[in-house]
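Several structures are given next for inspection.
Heads up, the next two complexes both have subunit A, just with different partners, subunit B and then subunit C.
Let's look at the complex of A and B:
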């Protein structure tokens, strides 16, 4: 501590160490938040439902997605990535997950929303199993904090049964 | 033409430079810290940083703003730097009292034995 440089160095290293500690504590404080998000998705219409020339089923539909994810946000939250997946079982795969819509929520003010949209990404089955198939709609989200580890969770919502015939 | 006209301005610049140098020499006459001053500076640095860290964390948590925490802490670091890094006079309140050179000469140091030179000589 006998010269300008030594003191500046000691101060800077100590300050950075403390800053790392503060970030760790901020990350720990996220665990005291117990979120209670809600969400509701309605399938309003099957726009079309057909078999592609290569034999895979494809559906287009109109969805009404509403969700309240405000409780996911804490002071240490940078953004939340959210996506809606259709999940169902086929003889070939125990679990098929098809992302129908996704979004990035940048702040708490935007975390309560509803959106009326057709599926953003194509709903194509790996095969021809969709006629009369019942699938679950699941809202997944990944919470991206400013410091610390990411959290992921989901809400499984009541499903929908596709029609028996192509249209 | 150009050279002649630019000469006086260069001279003026040199004057200014010389003046500023003498000023900085006067400034650096702040004496370095004594032993107690160094201890005080280190303790003060650690305490101030910890206090600002706690204050920043609490403020950030209460206001729900991560940015607030970082800003409060950054302000604290700047303030602590200003307080503890320069050689302020209050870090030099117990200066070491060195003996005068005359007093030191009255008690001459024992001369070191010329062992090394002998060894070198014998090697050759």
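Let's look at the complex of A and C:
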């Protein structure tokens, strides 16, 4: 009964149990954090706006994104993935979400940022519905933990509108 | 030498009743593992509730050897979610993030585009020839939880099968020779 194998087995089982318990507790502790992030986005310029030969509208814009996501970070946070998406409705689609810019924030020190950029992914509609289209810009974030449950949330900023004419 | 002699003796001294009880307890272990897996499948609604990350395309979020817990609910797929999908003509499922979503007004069907966080471009090159969007039926689940490193066990076992056989052999021998 008290052989080497028996003791090694008991030790291993105990260590794995404790480790699993600690991981679970670290994940649960994330729930006590109530973050209050802020963000502001400006569309500085519509660089160009045209209809592709296949009939889909495409627009390129310059954005100024500033956000403070420091309150998202806890001791169990590995990184925060943040992206800005344009969201709008068309007669054909009840929802269109198009990611325009994204970034990975590795630590709390980098979580208050300001960036001036043109859209990283192409803003293409399924069809030709973008002229004069009102859209929301939504800042989404995805908190990736060191271990455990992942969290996601967003800030919706409304009141943006595309020009009436191609340019 | 004494150890081997003892082992041989213990194998010789096995009785039918003993062998049977061991077979039953081995069966119990296997079936309870199966029950847990199937229960997880029911609870999460995904055909494979746990996946191992095999590539570095989601680094630094997910590294090779990390484990992801999947969930597949009726809720619509939205941009930013990390989904596991199968592409026609590829055997291994891919874990990437959704960057574009178009949801139909009339049917509610979704067309999504994915991209790995660590990849430069989107996934259209990985999709089947001429495929522009992923549909609902391609998607096996969305990642909800994360556990680092544990998946290395399965990666090592699939890439070095010899280790798997040694492990199974050693465990089998332990079961046969244990006197409880």
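The rule is simple: the second predicted complex is superposed on the first by the 166 of 167 C-alpha atoms of A that agree within 3 Å, B and C clash if a C-alpha of one lies under 4 Å from a C-alpha of the other, contacts with A are read in each partner's own complex, and residues count from 1 in each chain.
One rule holds for everything that comes next: contacts are C-beta pairs under 8 Å (C-beta built on N, C-alpha and C of every residue); 3 or more make two chains touch, one makes a residue touch a chain.
What you see is a predicted model, and the numbers here were worked out from it, not measured in a lab.
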Combined model on subunit A: subunit C and subunit B, fit or clash: fit
Partner chain(s) touched by A:99 [first = subunit B, second = subunit C, both, neither]: second
First (subunit B), second (subunit C), both or neither touched by A:91: second
Touching partner for A:79 - first (subunit B), second (subunit C), both, neither: second
First (subunit B), second (subunit C), both or neither touched by A:26: first
Which of subunit B and subunit C A:44 touches, first, second, both or neither: neither
First (subunit B), second (subunit C), both or neither touched by A:140: second
First (subunit B), second (subunit C), both or neither touched by A:148: second
Subunit A residues touched - subunit C or subunit B, whichever exceeds: C
Touched partner set for A:121, first subunit B, second subunit C, both or neither: second
First, second, both or neither for A:156, with subunit B first and subunit C second: neither
Subunit A-centred angle between subunit C and subunit B, computed on Cα centres after superposition, in steps of 10 °: 40
Subunit B and subunit C, minimum CA distance [Å, superposed model]: 13
Common ground on subunit A, meaning residues reached by subunit C in one complex and by subunit B in the other: 146
Partner subunit A, residues of subunit B touching it in the complex: 32-33, 38-39, 41-42, 45-46, 49-50, 53, 56-57, 60-61, 63-66, 69-70, 73, 77, 80-81, 84-87
Subunit B partner contacts - residues on subunit A that touch it in the complex: 1-4, 7-8, 10-11, 14-15, 18-19, 21-22, 25-26, 29, 74-76, 146
Residues of subunit A that touch subunit C when the two form their complex: 5, 23, 27, 78-79, 81, 83, 85, 90-99, 102, 104, 106, 121, 126, 140, 142, 144-150, 152
Residue ranges of subunit C touching subunit A (in the complex, touch as defined): 60-62, 76, 78-82, 97, 99-105, 108, 111, 117, 122, 143-148, 174
